[in-house]
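I've put the structures underneath this note.
The two complexes that follow have subunit A in common; it is paired with subunit B in the first and with subunit C in the second.
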Partner chain A sequence: MKNKKTLSFERRQARSGYIFCLPFIIGFILFVGFPLIKVIGFSFHNLFVGTVTYDTEFVGLEHYNRILFVDPDFRKTVVSSIGEMLFNVPVVVMFSFFIASLLNQRFIGRTVFRAILFLPVVFASGLVTSITSGDFISNNMQNIGSLSGESNAMFAGTFTDILLEMDIGNGVVEFIEDLVSRIEDITTMAAVPSVIFLSGMQSISPSVFEASYIEGASGWDVFWKITFPMVSPLVLVNIVYCIVDSFTSATNTAITSIHNVLFVNAKYGLGSAMAIFYLAIVGVFIAVVFVLIRRLVYYYD
Partner chain B sequence: MAKNKEKKLKRISRAGLARSVGGSVFNFLVLCVIAAFMVLPLLYVVSNAFKPLDEIFVYPPRLYVINPTIDNFTNLASLMSSSWIPFSRYIFNSVFITAVATFLQIIFASMAAYVLEKREFPGRKIFFKLVVTSLMFSTAVTAIPNYIIMNSLGIVNTYFALILPAAASSMGLYLMKQFMTTSIPNAVLEAARVDGANEFLIFWRIVMPLVKPAWLTLIIFAFQSIWATTGNGLIYSETMKPLNYALNQVVTGGISRTGSAAAVAFIMLLPPLTVFIISQSNILNTMASSGIKE
Partner chain C sequence: MTNTQSAYKAYNPKIVKTKKIAGKSVISILRFFFLFGISFVIIYPILSMICGSFMSVDDLVDITVKYFPKNFTFDNYVKAAKALNFPDTLITSVIIFGITSLLQAFSCTLVGYGLARFKFKLNGLIFICVIIQLLIPPDTIMLTRYIEFRYFDLFGLGNLFGLDSINLTSTALPLYVLGITGTGLKNGLFIFMLRQYFKGLPKSLEEAAYVDGCNPFRAFVSIMLPCAKTMMVTIFLFSFVWLWTDMTVAPTLTTSDILVNMTYMIKSTMEDNSGGLVTSLLKNSGVVLIILPVVIVYLVCQKAFIQGIESSGITGT
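What follows is the complex of A and B.
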């Protein structure tokens, strides 16, 4: 009797699970799954797109062969975008964690700062960036950039001297200089991860903090022994988000070259193969990160 | 209850904030510097929209206006009134598409995220892995197969061509699921079930209010990405095209349209900014109270 009851409960659970997922699954299969399979198919073909229909010609692994062994550029592009990612992701994740923990404090004007933090997300909408990067205004924007670049350079000059005096190695100095010059990009990329961190920090139950303060923990202890472990699952989330963001952003060199092959050169088969190859590499990175970091993550339940 | 909690929060924060004045000032300054980087572009777009032409071309560029004018907007208005589709039609298209698509995306993503996170059923792990895999794919790559699908569904050149793909957003599902891990205690769901609530009731009356900060955040992402679509290649009838497309035509006019382009940038920024401000103020109110007492 008892056994039967649990079974029916599980059945009910499964049924409601499928019903709730159904709309998403249909959309997912139609607009994500099916196109993906199509692209994989295209990558083994040459595609001739006509006015009404398209013809395919099977070429086997030729496109992959070309990417891996013939084409001198694409491999380099992929390597450089991986380098970019390896530089960006740790910096952005740490920076956003830092911002989120600052914004999690109580201080005057916190509401305003939180709103401002989120502005780059709003600002990133297509047309605004196309205007600010397309024509005269973009030159102006770049001028602003170069103006701040000049002051940056002045600042960086003295700053670099100081760093070199400190004798901490040229590599480190270059790294720090690079960071300073990219601060604009980094703050923009950090917007979504910091919101994710912040909401994670906000959802920690106050009673946990209260208990630890009563036990005599200092703010430092609480931060590293409670706040940090509690949001550690979100570290993983954010790393994945940042890797994806860095690899698929429209300014990514690999994406732009794939885009060119697809729509400027209209070589759809080759472009699909490039995309699949690139996807495989991104996938490998994310899998590695998952395996490495999952052990360190603490799940509270 | 709420009062008690507030008091408790206050007490905790007092205990936790045993920070020196210098520390607080330092925090504040760091935030100011970061905030400056984020505000400058916005300030530039806003001030540009109100600059007379000679000021737009000033070098080095200024972040402020000396003689504010609305010429850019009147120019834009006269440009738009000469198009053979009424301007309001473009606005309606954009608002309709964005509103419906955002709504569907939030609902579908939350429903799927809820069961993926809180229910056991066969296939859920594989499905979630597929979703995560699809995150890594740039939409540009699937443009042609997407078109093939839409064509066979017969939704090319309808609003659905823009609405339906946006409704199944992998990123939305992924973010919602992560938010749900931390903010829905199983005890509440069990209590509701014991009291006889069915799944839809639990979802609508318990889960959604609990993750309000999450979907408010998602609304911002969804709104701004859908608002930015031009519908190129999917919508041919002029009467169905979104505002973004129409305004893009103005911008491509070149140097002589720089003033109007500045106004366009400002106008396009307004709706996402408004949505952002509204939902952001709600997030701030709910974030602190989304956890229950254990």
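What follows is the complex of A and C.
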């Protein structure tokens, strides 16, 4: 009697679970799974869109052949977007950790800075850049503002000279210059990770700090021996977030070139093939990262 | 003698105190400069856009004008507002994106709750589907989604009865359909956040309700929804803001008079009609007009945005 009752409760639970997830199940099948299969189909076809229906023409592996062996640009774009990701992720994670530990201190104007640093999230979709790109004023203004501009070229030159004088190697100097010129991208990407780090830091119980200060630890000790180890699992979370973010963001060069081929040049078949190719590469990459990180997490336990 | 003096100096509490204060103020000055610099990098494009939007053509040619226009003018705004058909498109965008965000917040809460609190066979599989949706770049499946809605035909039933397919993209329906099924823009992330959030809530909340004879839906509506209210507001805000500035999903799937579609008008028609200088002025004021509502929403609800990320379980398990 009792056994039967618990079983029926569990069953009822399972049933209501399905009902709660029903919208997503339907949506995923109709608007993610089905389109994905269709895109794979389209990548083997040429597509002609009419007013009432659309026609397809089977071309086999032609589009893939074109991407892999004929078209010189797209391969380079994919490789460069992966390279950019590999460059950005460690920099962004370190930068956001630094920002978070700055914002974790108490000082006047903290909320204002936090609000400003989180602002790029609002413009994450690249509306502003896509409208103003190739724009006379913004180009002009950006030249004035950025280090590569005319008025600041002298400063940039001296800065580089000082670095070169310090004899720390050309590679390092180039790396620093690269970082400076990318500061806008880096701050944009670091918005969410720094909030994640910040909330992780604030969730450490204050009694731990109190105890260590009573024992005579300095702020430096506390930072490296308590704050850093406590937050380190979040490094993995942020790495995954950054990778996914940089692969799927609308400002990614590979994504923009796919978008252009699909919706500006209206080459639907070729665009689908490019999208599938990119998705496959990204999928493999993310799978590798997941496996590596799983091991790391296991190691952390 | 000198030794004892220096030792005395090192342990003199007054000196130690002033040293500490000096160190602290140096750190706070450095911190201020660093944060100010980073904030400047973030705000600079917006500021330059705002400055540029008030300039007249003369100011653009004038080398001495960099930021603050000499001939201050609202003319660009008047023209841009006319090109964007402003009050009407603003209202339509707010209505369309508001409804879509409401639907998204609601459906993502449902699915997140279902995934977090119920044990059933396909739970893991559905969660993997959520992750897959999170990972797929929206452009990949945008074409087939567009075709699905452009030649809408429910499971080929219309064709069976000899009816033509319906063009749904002339309305905002595609956005609503995607919203209610939790497959819209960034909805994978929202479901994930809500799932983690619900996992973090104590289970005893509903268990008490079950003991008192509630069914799962009643428990969800009267116990869990009030708990998740702030989180739902955050999700609503996020999805509203992201839809507003999105250049892929909304403009492809609907041709309604939303602001983003109008920006294409600015981009294409204005470039033909007038010279490059005038266009760029108009673009600046147009962009300011478009992003201003979003910035206001962000500044008013700034706390909700940041707390949403903090209270979602992303930071925890």
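The definition used in the following text is that the second predicted complex is superposed on the first by the 204 of 301 C-alpha atoms of A that agree within 3 Å, B and C clash if a C-alpha of one lies under 4 Å from a C-alpha of the other, contacts with A are read in each partner's own complex, and residues count from 1 in each chain.
Quick note on the criterion: contacts are C-beta pairs under 8 Å (C-beta built on N, C-alpha and C of every residue); 3 or more make two chains touch, one makes a residue touch a chain.
Computed from a predicted model, the values in this text were never measured in an experiment.
Within the superposed three-chain model, A:293 lies out of touch with both subunit B and subunit C [touch as defined at top].
Of the two partner chains placed around the shared chain by superposition, subunit B and subunit C are both touched by A:237. Applying the stated contact rule after C-alpha superposition, one finds that A:94 touches neither subunit B nor subunit C. When both complexes are overlaid on chain A, the residue A:209 reaches subunit B alone and has no touch with subunit C.
Of the two partner chains placed around the shared chain by superposition, subunit B and subunit C are both touched by A:30.
Shared-chain residue A:106: touches subunit B; no touch with subunit C.
Contacts of subunit A with subunit B, set against its contacts with subunit C after fitting on chain A, overlap at residues 10, 13-14, 16-21, 23-28, 30-36, 38-39, 42, 49, 99, 102, 105, 107, 109, 113-128, 130-132, 135-137, 141, 144, 183-184, 187-188, 192, 195-196, 198-200, 202-203, 234, 237, 244, 247-248, 255, 258-259, 262-263, 268, 271-272, 275, 279, 282-283, 286.
Subunit A meets subunit C in the complex at residues 10, 12-21, 23-28, 30-36, 38-39, 42, 49, 52-54, 99, 102, 105, 107, 109, 113-128, 130-132, 135-138, 141-142, 144-145, 183-184, 187-188, 192, 195-196, 198-200, 202-203, 234, 237, 244, 247-248, 250, 252, 255, 258-259, 262-263, 268, 271-272, 275-276, 278-279, 282-283, 286.
On the subunit C side of its complex with subunit A, the touching residues are 28, 31-32, 34-35, 38-39, 41-45, 48-49, 51-52, 55, 60, 66, 107, 110-111, 113-115, 117-123, 126, 129-130, 132-145, 147-148, 150-151, 164-165, 177-178, 180-183, 191, 215-217, 220, 241-242, 245-248, 252, 260, 263, 266-267, 276-277, 280-281, 283-284, 286-287, 290-291, 294-295, 298-299, 302, 305-306, 309-310, 314-316. Taken in their complex, subunit A has these residues touching subunit B: 10, 13-14, 16-21, 23-28, 30-36, 38-39, 42, 49, 99, 102-103, 105-107, 109, 111, 113-128, 130-132, 134-137, 140-141, 143-144, 147, 183-184, 187-188, 191-192, 195-196, 198-200, 202-207, 209-210, 213, 218-219, 222, 230, 233-234, 237, 240, 244, 247-248, 255, 258-259, 262-263, 268, 271-272, 275, 279, 282-283, 286, 299, 301.
Of all the residues in subunit B, the ones that touch subunit A in their complex are 5, 8-9, 11-13, 15-19, 24, 27-28, 30-31, 34-35, 37-42, 44-45, 48, 56-57, 59-61, 63, 107-109, 111-112, 114-116, 119-122, 124, 127, 130-138, 140-146, 148-149, 153, 164-165, 167-168, 170, 173, 175, 178-179, 181-183, 186, 199, 203, 213-214, 217, 220-221, 224-225, 227-230, 244, 247-248, 251, 254-255, 258, 261-262, 264-265, 268-269, 272-273, 276-277, 280-281, 283-284, 287-288, 290-291, 293-294.
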